[in-house]
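Shared chain: chain A. Partners: chain B in the first complex, chain C in the second.
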Partner chain A sequence: MNESNSRPAANFPDSANPGPFALTARKFAWRYVGNVAFWIQRLTGVALVGYLILHVHTIHDLQNPEKFDAALKLFGTPLFKLAEIGLLATVILHALNGIRLTMVDMGVQLTRQRQWFWYFAIGAGAVLFLAGAIPMFIYGILQHS
Partner chain B sequence: MSPRAVNWFLQRITGAALLVLLIMHFWVEHFAAEVRTPAGLTFEVIQQRFFRNPWFVAIDITFLFIALYHGLNGVRNICLDYNWGTRFRTPITIAIVLVGIIVAYWGVTAFTGNSHLVPPEARVAAAR
Partner chain C sequence: MGMATYRFKLARSHSNAEKHFTLELDSRMTVLDALFIIQRELDPSLSFRCSCRVGMCGTCAMRINWMPRLACQTRVETLNAESITIEPLASLPVAKDLVVDLGPFFDKWKKVRPALHPKNKDSKELAIVPPDSEFGKQALVKRDCITCGACYSVCGITGSNEAYLGPAAINRAMLRLLDPRDGNVEDRVNALNDENGVWRCHTQFNCVAACPKNINLTDSIMKMKRAMLFPKRLYDK
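So, the complex of A and B:
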């Protein structure tokens, strides 16, 4: 392993003479990234439990078809579609960061876990998110009738 | 393994299972041929699926239990992460288990004993 792998800050081109903002950004990007990831995992986790409870509450309306279809119709409106896009982002962040956490637990790529946060959880997550969010936005919101 | 180690381990196992189940869930509810219609997902689509394939109920209920375990165990981990003293540990666990039982009851009773999801022939047979 070369030195730049264990010292991620050296990946920045301006590492010789950073300004105060660049320094703060770099601290959050590489030194405090574990804390950032911790809070993302915790907040998205709590949000997803809240969603799960509401979701199961709606599914319970399968006992009452009219009520269920009325609920589905409400969830097809643009505001709920926008919330659904937010849900997609929440799920992707929690899932990909969860994969990274499991890798840390198993000792896989342990010295590069910070890079895995940015390039995998955030980078690959953003690609996945856009792949899902763009069709959801076009068909769910722009073409909503 | 200690109970806490089992909890930690199961959180990883259920997380991995949820990854697979959630991808299936997204596919079935948003991308499958039956829902790629102008009306999208409706009660009728769900009803037709459950007539044809009882695996939908089995997988949905398994999914519900795994998601509830993972989610509520996560909430419990967060609660116990703050120093409220050990005397709150059991009440917190009891409260969270109660929430789990209520939500599991909502979810399971959406499917079991739901006369709208039984095929029409079976409904006639039951009425006889």
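So, the complex of A and C:
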């Protein structure tokens, strides 16, 4: 830095400078929550498309019973059960945020869309997720291994 | 209140121009005050734009710590940061340093025919707009747009599709379409019902977050989306 372009010399401790990442994170904390919701909707949507392709591919293997049984056996392993829990989270987020977006499109509670994202899509979504994920974890992974 | 030291990092057009400045400012001072100090005392070549200094002209809109804000309305202490980064508005061509060319923004603005096109040009009677009518209610909270370009620059859709009308133009079109005095429905409906009109909005709400006048622009866009399903109704006002 050119000191001739400074008025009084400054002496900052490093911790006083939040840095670009922290500042950018603040930007999205509450005010830009619509943008966060937008990206969550897109990413979960793409993930669900990937799941649907896998799902249709497995159903397609119904024509061959041996291959189908092998696929079902693979899907019963703890790794796939864990992925199933991830799928549950993806479906819940996509569905609840989708309801919020439908309300926005209809002009219902539009001015409270931030609250609907945090309390409905994230808050109620977390409760639903735990209600589904805990039994899935106990019966699908712990008892299996 | 009191004096505090702030580090400024400014976007400059010329690579050789100084970007870093350290200033001691009163916490009540605004970013615009800081820019004037830099220009007058440290680097006269710095370019930025301002006019009214009271937040009613929208000329000094720029990205301050990554968010579009009015420099004249942003007090340095409210940024809660000792490092302040100032850049020109995004999605618009930079003329010099912090000055952007608002041409693309106003091109969209013109597309919706923003001026009043009266139904009856020769009428001498004053129009009565009841405050509880739809136009009265919407105009009360949405007519304050100062065309600063903050919503346009922060919109994720204008960032990826230059042809999109943008929130400010759609908001203005909505006010004109609801206005019972206005007679030019067709041009505005054609602009809004276009592939680059209201249907491009993906409800990111960035425009609402950035608007310095707190206008709920997404609400206007959603209203127009619903209106475009039955555009003939707009003619019966």
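Heads up, the rule we're going with is that the second predicted complex is superposed on the first by the 116 of 145 C-alpha atoms of A that agree within 3 Å, B and C clash if a C-alpha of one lies under 4 Å from a C-alpha of the other, contacts with A are read in each partner's own complex, and residues count from 1 in each chain.
Note that a residue touches a chain if its C-beta (ideal position, glycine included) is under 8 Å from a C-beta of that chain, and two chains touch if they have at least 3 such contacts.
It should be emphasised that the depicted structure is a prediction, and the values quoted were computed from it without experimental measurement.
Trainee: Between chain B (first) and chain C (second), which does A:76 come into contact with in this model arrangement: first, second, both, or neither?
Mentor: Touch partner of A:76: chain B, not chain C.
Trainee: Between chain B (first) and chain C (second), which does A:65 come into contact with in this model arrangement: first, second, both, or neither?
Mentor: After superposition on chain A, A:65 lies in contact with chain B alone.
Trainee: After the superposition on A, what does A:48 contact: first (chain B), second (chain C), both or neither?
Mentor: The answer is first: A:48 touches chain B but not chain C.
Trainee: Which partner does A:105 contact after superposing on A: first (chain B), second (chain C), both, neither?
Mentor: Touch partners of A:105: chain B and chain C.
Trainee: Quick check on the superposed pair: does A:33 touch chain B, chain C, both, or neither? Answer first, second, both or neither.
Mentor: In the superposition, A:33 touches chain C alone.
Trainee: Touching A:113, do we find chain B (first), chain C (second), both, or neither?
Mentor: second
Trainee: Which partner, chain B or chain C, touches the larger number of chain A residues?
Mentor: The partner with more contacted residues on chain A is C.
Trainee: For chain A, which residues lie in the overlap of the chain B contacts and the chain C contacts?
Mentor: Overlap of chain B and chain C footprints on chain A: residues 105.
Trainee: Can you list the residues on chain C that touch chain A in the complex?
Mentor: 5, 7, 18, 20-24, 37, 41-43, 65-67, 81-83, 85, 156, 202-206, 208-209, 216, 218-219, 222-223, 225-226
Trainee: Hey, which residues of chain A end up touching chain C in the complex?
Mentor: By the definition above, chain A touches chain C via 1-2, 5-10, 12, 16-20, 23-24, 27, 31-35, 38, 101, 104-107, 110-111, 113-114.
Trainee: Which residues of chain B touch chain A once you look at their complex with the stated criterion?
Mentor: It is residues 12, 15-16, 18-19, 22, 40-43, 46-47, 64, 67-68, 71-72, 74-75, 78, 99, 103, 106-107, 109-111, 114, 116-117 of chain B that touch chain A.
Trainee: Touching chain B in the complex: which residues of chain A?
Mentor: Interface residues on chain A, with respect to chain B: 42, 45-46, 48-49, 52-53, 56-57, 59-63, 65, 68-69, 72, 76, 91, 95, 98-99, 102, 105.
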